[in-house]
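You will see two complexes here that share chain A, one where it goes with chain B and one where it goes with chain C.
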Partner chain A sequence: MRQRAMWSAVLVVGLALAGCGSASDSGKSTSSDGKLVVWDWKSGEPFAKSYLDKAKADFKKKHSDVEVEFVAQPFDQYYTLLGAAIQSGKGPDVMLFNGGGQIRDRVDALVPLNDYVTEDKQRLAGWEAFTKDAKIYASPVTLQGYPIYYNKAIYQKANLDPASPATTWDKFTADCTAIAKAGAKCFALGNKEGVGIQFWLSSLGSTTLTAQEYDAWITGKRDWQSPNVKRLFQLWKEAGDKKMNSDGANSTAMFNDSFALFQSGKAAHVMGLMSDVGHWQDFNEFLTPEKLGVMKAPIVTAGTTPSLPYDGGIGYAVAKWTKDPKMAADLVRSLSSADALKAFYADAGAIAADTTIDVSQAGPAVATLVSELKSGKPALHVALSSKTLDLMGRLSQQLLSGSITVDEVVKQLAASDQAG
Partner chain B sequence: MSRVRLGWWLIAIPMSLLALATIYPLLFTANVAMKTRRDYILDRFSLTDALRWENISTAWNSVGMGRYFVNSLLVVTASVLLLLLLGSMAGFALSQLRFRGSSALFLGCLAGLFIPFQVVMVPLARIMADTALIDTYPGLVLVYVAQFLPFTVFLMTSYYKGIPPEIVDAARIDGSTVYGVYRRIMLPLGTPALLSVGILNALFCWNDVLMALVMMPSAEHRTLMVGVTSLRGQYSDNIPTFASGVLIAAIPVLLVYLFLQRQIADGVAAGSTKG
Partner chain C sequence: MPIGNTQPSVRPAQAGRAGGAVVTPSAHRKGARPRRARGGLRAERYAPYILVAPAVLIIVLLRLYPLLLGVNFSFTGDGEQNGTAVGFGNYRELFADPLFQTALGNVGLLVLLLPVAVAIPGLLATFIYLRVPGHRFYRSVYFFPAVLSPVIVGAIFNMLLAFDGPLNAVLSSVGVGPVDWLGDPDLAMFMVVGVHIWATFGMALVVFLAGFATLDAALLDAARVDGASLRQVVWHVIIPSLSRTIQFVFVTTMIGMLTSMFGLLYVMTTGGPEGSTYLPEYYIWIKQGQMNRPALASAASTILFMIMLVVGLLQIKLLERAGKED
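Presenting the complex of A and B:
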């Protein structure tokens, strides 16, 4: 009797699976069937709703008979999943990418958008992060930068002037000593995943490298043996040795634990973001806009001029296997339309790629950030390949723990960088 | 203090600490699931001041966990039934039937234990796409069966090796076919091992994220664990909602463990002793 029941169960499940197996195939490209599938990691979040609604409405005006389905994938596995989709040649029509190495490593699977986005070129900023060999592969949605935020309340407690943060590295370290005496840490640092060094490199890059070195770095001509490049890594180590960082940086996640340290007033500075989280809107909520400051990087190398490091943050791209690239490109354009980006700025607090959006109501920190966009430069770490960034993350942990020298670090990074 | 009492304390204290260390992550998750985002950011270790069930309902509703729950149940049930069927057949054949190459076949099955999914992921995704099995329930069931069959075969073979071959011989002399021996003798005798290995496989399949994510990329076919991970974006910082999702996904596993812990322990030890 029991065996009969088991065989029946097998049969029932088998039949059920056979029926379910033919369920809709929303993971696959279906643009010719009146449907576009988009993969991202944003659409599931409540703050993205109005942004997507505006983008869909804009797209509907051009293609009223086409359905758009957004599939929010878990970010932790997003690029693994994308890799499998690219290898199998089947996946979404449109997909979200981070600017820099993540998209440049996968351009073989993408459609160049140059011919489709001509009208948007002037209105949007941040294209470089989605460009390879003069071909544009995604339209920017946000700008992502790496400003140094500071807590004015801690400055006051340490008897420092919140209106004039340090402009040189020596003055800055002296301020950090005062901050330590006041009971706070100088930097909120999370380097568990090795991401901390990336923000460090980009935040301090413009005041450590000369203008020529900086430009050469961005164009790929990186001199890893330059004293100024080495200085960036020495400063990283010095900050750790002088206990300027929050405790246990190598075991603290940047997202979102190090930002929580800053938000809760345990550290005076954080190298944060302009969009997503760990940015002005999050910090405003905890510190209030009046207490949140944004400072220029302190000058490490005499003669350098601080500039805001930023690039295109995230952007949507079109997959090569899509059946109607023009239609998919239209959707990408809708996702970067002015109305949609305005909603994204308002709800998510992102500095949108459309710099004409009025941000005057967002508080002084945003006003400072936006005013610095014009003189800003691409971030140093975004120019590196994801492989070199991974290596840098691991080496930065060893630097903090004291198990490797700066010379060895730059040697290994140079080898990885040259290997491409 | 008597020597016996001292001995009891020497065992009880470390064991209690071990139990606390084991259960703490669950308690921490439950505590975080009841907090507001603000409370979590300001002090994640403090006890919650109220039971906020809205985090649970947000997690449940925001990614359609009801559907994912059914998907998981369907896929896990089918996978486990197939694993038990194939594993017990293979275990019976490899342990009781004498045929040339059986040892090599067993070693071949064991080799599968040492291949992590990440190694075969890309070619497998390609094959599944070529055969139109990607993003289908049977496709994921096949992947689970392929991935966990070596473990099942290993355990069932070890278990069946403990059954005296004379029973099989006697049944054959009485005129039973090989299939009859399997169905009438080996399956009933293997019930304890089948139960244990079934529970373990169900836990493996239920807790899997990577295979389910790669093989079922569309939103409606997701399993529960993939649904939970999708509650976290790149920088998403609503940890209380995420913790609520983790809690929802953990409850079935906890229930299985609470009610069937003896069988799980037996399953791990199956075949380690004869008799």
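Presenting the complex of A and C:
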């Protein structure tokens, strides 16, 4: 027994010594010559096939001898897996990212692409979401925006004019009262994951914050104590208190229960997306293009102009450990080439980053969205770190349940925002 | 225990190394104590270690070493500080984080709810053992949820407990207002634990039924003849006779609650509302995957490991004591 104890002691000490300082290494490459490995969460799906075929064909023209392997990861574990890859310094050469916090938190592991993508700068939109400190880390594939969709049929039922939705917040709340009388809720809201507040913030940001405040927010100079910023959270609380939202918002999943509520006509409005899910093509299953409207954000603060909040949605980035960054960057460019993006728009129902694509076939809602891209601005929530967004999600649930004040919310968010 | 017929535990090794010249297998069979050569003695002494070496190596390389790396890693920083030592910085951050405090508080809540989780299968098993009408039917029905994956169970209860779901519809038909089962921070954790118990009590029930199989029926008959009520039978006959089974179920249920709630949490509440249903496991997953804080996640993992270690040691003590009583 004593001997065994001694042996285990020796073992533990030995291991402890061996363990020191080797927890994280970086800068190793796994890619063999003539092969590029790409990680994403799209390539396994049927709608991505023609997009990938086009992108691969484009890349083949430049590097005919290089093989490209796409590895589709499950989205709910994507960043966990990627985190492990980054930690070990081994992984794919090219990887797909969501714009905003998810890529900005991980730029340590990426190659700046500024020198490689100069030719694409004009053709594509949405670069800001993939940029940190003036360095571009990914080429945008889709644009993600946060428009307010409305159900024209419910407007008619409530004796409202579907062609001219409210332009001011007061008129909007009055409309909502009429909608409530017609038996529908004003907003379909799913805030189980705490994402509802993000859409709220961005959808109403342009008409609540002044233009200066908005631009300062995007560049990182956020004044959380400003009355207009507080107003955004007050409105959120008021909408909850006045029962404008669908019932049980804190236990309703945004994806896709809240969108289902909107589609099935139980709520008149939803703050949705432009690409991937919860958007014009998704709703088409039940809401025909004629019934689906897109409205500008109603004006909350006098003197503001509504603009469509949007950013680069997803984009491909190059890992630091890849052997030939130039080659990997060429692949990234092929994945954002005009032909490939056209296929992505047509099959996946996304607003592609290439704004020259013709979308006139997809119905009035899409035409409205694309026409608003020019005057659009980056979305407010995308500028926040994932840590602050996570906190904001929980605080927004507390606001809805009434267990916290707006002042306390902005105080906590300001602390989290300044910490990093 | 037969004496004088002791066989060496590692006969093949000894026979092989000693060359069979000194000791023959037949000598063993006759029970004669062999004269051991020094080489044979040494071989015999090291043989157990050699034999367990592969298993130990696997455990050391694949379990202990990564564990130590993880602990080591928890003392380094994240992001720009990747790889540099930060001392107890991660641990300080953890204990200052209200979310992690909630997660630890929920572990305490699970421990408090443990008696309920054991009592339910215990009582139901008792009823089945006492042959209530339809006991055969109940025996199979009770076990059924145990074969479902937590994801499926979570999805089913998500629908049942939704604000506009069937449970609230039933309640409103009897005039009780709708309850936001999964959206109320005071309720949500109890709902998740309740669903977890519902989904897993079948296993404990089977263990209890196995325990009942060893119960002396004469004792029950005697109690009945003496006019004991059902409560008295349960309290004075069944519980004392099944004490070891009950302790075993306590241990396994505790482990189950602390280690396999992730799937349910992920599907039913995603840690919410207001972060009220976080458990350390879920916290670790969020920090590592969503927040890109692997070192902080390592620190949280280390704390979870410590908790499990303490709980595990307590349980071993408990089982040892139960073993001695027998």
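Basically, the second predicted complex is superposed on the first by the 388 of 420 C-alpha atoms of A that agree within 3 Å, B and C clash if a C-alpha of one lies under 4 Å from a C-alpha of the other, contacts with A are read in each partner's own complex, and residues count from 1 in each chain.
Going forward, contacts are C-beta pairs under 8 Å (C-beta built on N, C-alpha and C of every residue); 3 or more make two chains touch, one makes a residue touch a chain.
As the structure is a computational prediction, the values presented were derived from the model and not from experiment.
Asks: By residue count, which of the two partners contacts chain A more extensively, chain B or chain C?
Replies: B
Asks: Once the structures are superposed on A, label A:Trp41 by its partner contacts, choosing first (chain B), second (chain C), both or neither.
Replies: A:Trp41: touches chain B, not chain C.
Asks: Could you look at A:Phe255 and tell me whether it touches chain B, chain C, both or neither (first, second, both, neither)?
Replies: first
Asks: A:Lys192 in the overlay: touching chain B, chain C, both, or neither? Say first, second, both or neither.
Replies: Second partner only.
Asks: Looking at A:Thr80, would you say it contacts chain B, chain C, both, or neither? Reply first, second, both or neither.
Replies: both
Asks: For A:Asp133, is the partner it touches chain B (first), chain C (second), both, or none of the two (neither)?
Replies: neither
Asks: Pick one for A:Asp358: touches chain B only (first), chain C only (second), both, or neither.
Replies: neither
Asks: Look at A:Lys387 in the shared chain and tell me whether it touches chain B only, chain C only, both, or neither; answer first, second, both or neither.
Replies: The answer is second: A:Lys387 touches chain C but not chain B.
Asks: Based on the superposed arrangement, let me know which partner A:Asp65 touches: chain B (first), chain C (second), both, or neither?
Replies: neither
Asks: Determine, under the contact definition given at the top, whether A:Ser403 touches first (chain B), second (chain C), both, or neither.
Replies: Once the two structures are laid over each other on A, A:Ser403 reaches chain C alone.
Asks: Using the superposition described at the top, list the residues of chain A that contact chain B and also contact chain C.
Replies: 16, 18, 20-24, 26, 77, 80, 83-84, 87
Asks: What part of chain C is in contact with chain A in the complex they form?
Replies: Within the complex, chain C contacts chain A at residues 60, 64-65, 68-69, 71-73, 76, 79-80, 82-83, 99, 161-164, 178, 180-185, 188, 269-270, 272-275, 285-286, 288-292, 294.
Asks: Within their complex, state which residues of chain A touch chain C.
Replies: Touch residues, chain A against chain C: 11-12, 15-16, 18-24, 26, 77, 79-80, 83-84, 87, 105-106, 108, 192-194, 247-252, 257, 386-387, 390, 393-394, 397-398, 401, 403.
Asks: Residues of chain A touching chain B in their complex?
Replies: So the residues of chain A touching chain B come out as 3, 6, 9-10, 13-14, 16-18, 20-28, 37, 39, 41-42, 44-46, 69, 71-78, 80-81, 83-85, 87-91, 98, 255-256, 259-260, 263-264, 273, 276-278, 282, 285-286.
Asks: Can you list the residues on chain B that touch chain A in the complex?
Replies: Touch residues, chain B against chain A: 38, 41-44, 62-63, 74, 77-78, 81-82, 85, 121-123, 125-126, 128-130, 133-139, 141, 183, 187, 209-210, 213-214, 216-221, 226, 229-237, 239.
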